[in-house]
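Supplied in structure tokens, the structure appears directly below.
To keep things simple, chains are lettered A, B, C, D and E as they appear, and every chain counts its residues starting from 1.
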């Protein structure tokens, strides 16, 4: 077998606060997910905090997306999916019967692999969330929410003159930023991103990565990625999944330079996947 | 950007005959392929020989599959595809009107990215080719062909007791080996493989790689792969494609350790793709 | 906020309820239709019979037992005046009104009894014969008051019996509702369907193969494509006009024949088969074609060895659905004269024939009220066939849906 | 020899051609040094094709023309001189003679037929031999030609496959031919109609009353506007008011809410609604629904409520169309990428919000196209209106009043009257043409929309 | 191509005669099992006439059922198409019956009432009557709603000739003059039926009319007497000019809507199509006053008429254009 050297990771950290005790936002304890008989997630426990961007990596089919979707109960939409274990958001059990899933999803936003703007105007795309949640009673408030979300998503300058164009008419990278703006608009606490760049070209990817940097600290961010360089670039914490197990979870710099588990090492050095 | 060091290539050569002048099986000269207005392959010239496994690498959409399919005229099935230039098999022009494409494909077999066994029994999967080409007049001959093809594909031991089970009931890796057996069964001279392992798990991948090793020398083998480690492991010659151009072609060890072109180097070090 | 959530959930429940209501009401309508037909129609499968005592030796029928076993038995009995004998027997048994009690064709029932048991000729016998429609009406609580009085008297004596009417399944149209059967129409339907299937299936499948596997993309194939899609939605009555203008007026084929009906319906359902077959062929994964081409199969081999066998369930599903549609079709057949009184089941494709739905249409138009039950009974028979065909199609579709 | 025997003979010869062709090809190929082009089986198919196809073609043509030849031959014999000169009577005697010639046992209605039967039989036999000989000869010629061409280098496969493709092409042309012949036959008859009745009178006239057609101004009573209105009112308004909400909502419920098990059962059950023959709906509409609606209308105070109300026909038609609408809606909603749905859920939208604000707007073009197809289906529907709607051509907006439709008028005008040149009969074809054009346009528009919209997501 | 001969009879025409012809056909096959049952299409008298007069030969019908006489125009068309020998056989009688539901207002009408209520232009003025009381104050104040046969039917012709035309002449002095001078104008004024929805054309399906009457208590239906007879338990006949539609009244022709029923036979086909003679004989055996056809709702023709019809069958007497002008009811 080829001995490929593990890539030297540049963690790209501008602030040195990583070591400080981070504020825990979400916790998962002994989470299992089943698709019918298929045991897709096995006993995963993990904490997500506000300070760091958390990356999920692992070979295809290992359950990254599945686990991510348990965090805002998007798995509810798949009838055969069954989740056990505890997941909390600010200490509240999100799978308790008290928890209103509609509100939960407003608090835990999500961005998908393929940009999926609604076939409506750019404005309406962003306004959709605030509108259904009744966040902006007046038209003026809504304008403001839309503008600020687009600004934070770094899209405002590019679209401010054509807010009434269809969201699907934007380029792929713009669409993805629009989706991020849409998620931000309802003022969530956590943002989940499932391979947000895999459908984008390198330049658009760089823009999204920059955006993630800018958003860090304001929201707890979890990102799934296939691209290890990307994980290294954008995250401070990395979780490595394999066949439904959480194999290793820790500081990104640690995982990439000095993985504790053999399987992590093999994956990072390209022995499989 | 991360500086990933080029992987040290182990060429895995058990015989040292690489340097010896290899027997040329197929040649391509100034091949261009157009999909309608899309110029997918630009002036590619290449020789494929019997001794070496040739790997085609390059970023997605660069034309690897397209070029591979010109070699057994599978492009004929795409109505908008147009091929110019000369491609020969044993000196015969395969695009001449004399060449019967059906026979050509029997001589130049193909294995696809996704294992695609027929939804028939394992036996029938392998026997199909020999049957339509009339290679086995008697049932006994057919049994023999099937067995030997499955043996050479390293599948015989696993399936010999259930030859009448459906080919689609096998695991992914077994299916892919079944497809290789099916290709071998008509006794081809060249075998083309288009990312044969990309749908497989690491263990199945290792099996197929072993198989390629075993087949080397008996057939001229061309393999397309996305996985550079795999190219390094299985091939002795590598062609690097980029945007329809053949950027570099040479000994695998050369390409991976000492690429002559900047573009090749960037690709191999993970700067793009 | 909480209030808003509650409101949103209320809207959610309302919306869901509307959906449920739509489904339930639609299904309810179907159930209502079926129950109505069943409750009206079940009586149509049975008939009331009255035991008629006949003294054959006294009647002195001029036939021998041997004659009864020959082929000319019907002729001999008719010649010997069996009908009069039966009428007399009825008068003798039930008084002056006797002839009105039994069905006009009661004597044919006696004829069949004699043919199956020639020894009857030499003795007295009680033979169950169908009652007339008047009696039937009276038994159902309607009809003429005079008849009601007679009937209730006979009922008290237990002369009537209700039997499953095999004749309904074995005979053809008739003027007398107690004697009608659906076999004639059913046979006409079978002949018509046979022609339809033989024409539409091969042509439909072959053209689907051409369009999916061979046709280049150009203006001509677009035209074919558009034609087929549109034909699938052309109102069926237009096909009737086509049949009238082309098959009857231009080609001079015989009016009312199942051949013409079959041809007309074949043209009608061909596009259905083409479209279903194309979808089935399209659903065969390209990787299978690649695989076969990759080992050196020719195009025809790929199609006939791999594509068609794999597409077959889909093709069959489409064909069955198309055939079911043809079987239930009425309007185009009215245009080509398949709406006559045809009391003999057709013997061949060019004989005058009618089909089940048209028979239903004709019976719905009959004077005699006995036809109401018979119409519903015929509807039940037709629905049984159609539901069976639909169920088969659905089964095929579900069974082979998830193959890859 | 009768044509069935001949058919089997030819097929048998084809089989022999296949076997010998195969044997010869196998022999030659085994002896040949290099791989031959075609397999023995393909050579065999080539030989069989040449043996059987021309012969079968000839046989088809021959069996179409030979009865006429036989008849003419019989008429030329002296025995035929005594036949009556009246064509029909003579033909019926000849017909019986033929029957007797085939089966002397059969009873005859015309005694002359017995006399003619032997002559007829002789002529029949003579022509039958001619036909058989020619067929067999053709088969052998074809066989010899093909057999001689079997060599290892001969590309039999290519030839066979080209023939197969030709057959496929011909099959696919039948669809065009049908469309064309519908159009042409309707056009020809309509042209004859419009030669008598001005097209403007027909299209814009508001008085439809074919009971009496004035010979001086036939257009006066053949104005089709009331029919168009009735068709539109029943098929596109009333039926759609029933079908669209029910179809759409049940599609939504079944795809978005129902448990898979419910969906698996309910969907086929609803589809049965589309499988019930229209004549049954018609019967049901006329006998059960219409009277009920009339009673209801009278209860509401509509003295004039017709028992053939537009509502009765439209209502039942709408029910019939429900599964059609719901499956179209189902398809369009399913075609909306799940990403869209997920996107909305992830924003914290409830199911109904997602459906109403994202799924339906996104699938709207498809849904609308589905409605157009449903409308075209409804306005072409015949039996329900034949049985439940009236023939009175009135223009009304009151659903409790009667209205008639184009299809009903076609049936009324044509049943029983096959005389082809009265304006009354021809009017049916003009109506048919109008209906054809309208549904054709509706379909083209709908299919365009569907196609465009599918592409948008692919 | 079509066979050039046929071994079964083809019969078309009146829906009123249809049940009788089918019954005869059935009986004929029962007594002659070697024969095939005739194929009988109910097309309405007018529709049938067109087919019947289309020509001679295998595709043309052999017999026409008619609930009125052949018109001279139809006869001319026949002659023109080569139909040369036509036998006219009166098989019985029928009455144009008006009926209402048992729950109805028990109308009693005169020909004049009916004319005024149903004509398109009563007395040359546009039709305005909406209620029966509009035409005759002594009638109840119920809406005029009449279900009747379509224009191809002989019943409709009989309604126009026997009731409307006569009613018209009774109330409209100009009508009689018009009849002499301008036949078309007379028809327009006296026989054309209103089309504003009060008269509902119900197609050939008389049974649907019966069905509808039972649920529309105020409506009046028009159909052949046999339908009324069959549904006596549900329907009441509406007397016309005080005469009820009963067997006796129609048989003695005191009922205004009484009319003859005919079959027309192509003599040229008599020897070409098996069974035609048997069919005619069967008819003559069944049409007597105690014959089976009466049980089916037909009214037997007077004895002299029956004798005459038998003579026509026996001797093959055909009609001429003059026969048809002879307007007298048999």
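Annotations
Throughout what follows, a contact is a pair of C-beta atoms (placed from the backbone, for glycine too) under 8 Å apart; a residue touches a chain by one contact, two chains touch by 3 or more.
These are the chains along with the protein names UniProt gives them: A, B = Phosphate ABC transporter ATP-binding protein (PhoT family); C = Phosphate transport system permease protein PstA; D = Phosphate transport system permease protein.
All of these numbers come straight from a predicted model, not from anything done at the bench.
Hopping across touching chains, the smallest step count from chain A to chain E is 2.
Any chain touching chain C that also touches chain D appears here: A, B, E.
Core chain by CA centroid proximity to the global CA centroid: D.
Compared with chain A, the chain whose C-alpha mean position is the greatest distance off is E. The count of contacting C-beta pairs peaks for the chain pair C-D. Rounded to whole angstrom, the centroid-to-centroid distance between chain A and chain D, based on C-alpha atoms, equals 56 Å.
The centroid of the Cα atoms in chain A and the matching centroid in chain B are 38 Å apart.
Taking each chain's centre as the average of its CA atoms, chain B and chain D sit 50 Å apart.
Distance between chain centres (mean CA atoms), chain B to chain E: 86 Å. With touch defined as above, residues shared between interfaces to two or more other chains in chain D number as follows: 157, 286-287, 350, 353, 386-387, 415, 418. Multi-chain contact residues, meaning those touching two or more other chains, occur in chain E at positions 1, 3, 34, 41-42, 204-205, 208. The residues of chain B that reach two or more other chains are 102-103, 132-133, listed in rising order.
On the chain C side of its complex with chain A, the touching residues are 1, 4-5, 8.
Within the complex formed with chain B, the residues of chain C that make contact are 216-217, 285, 287-298, 301, 305-306, 310, 403-404. Those residues of chain C that touch chain E in the complex are listed here as 74-75, 78, 83, 100, 104-105, 107-108, 137, 142-144, 174-176, 252-256, 337, 339-344, 350, 352, 364-369, 371.
Contact residues on chain E toward chain C in their complex (touch as defined above): 1-3, 8, 18-19, 22-23, 25-26, 29-34, 36-37, 39-42, 59, 204-208, 226-227, 230-234, 292, 295-297.
Residue ranges of chain A in contact with chain C, taken from their complex: 100, 102-103, 132-134.
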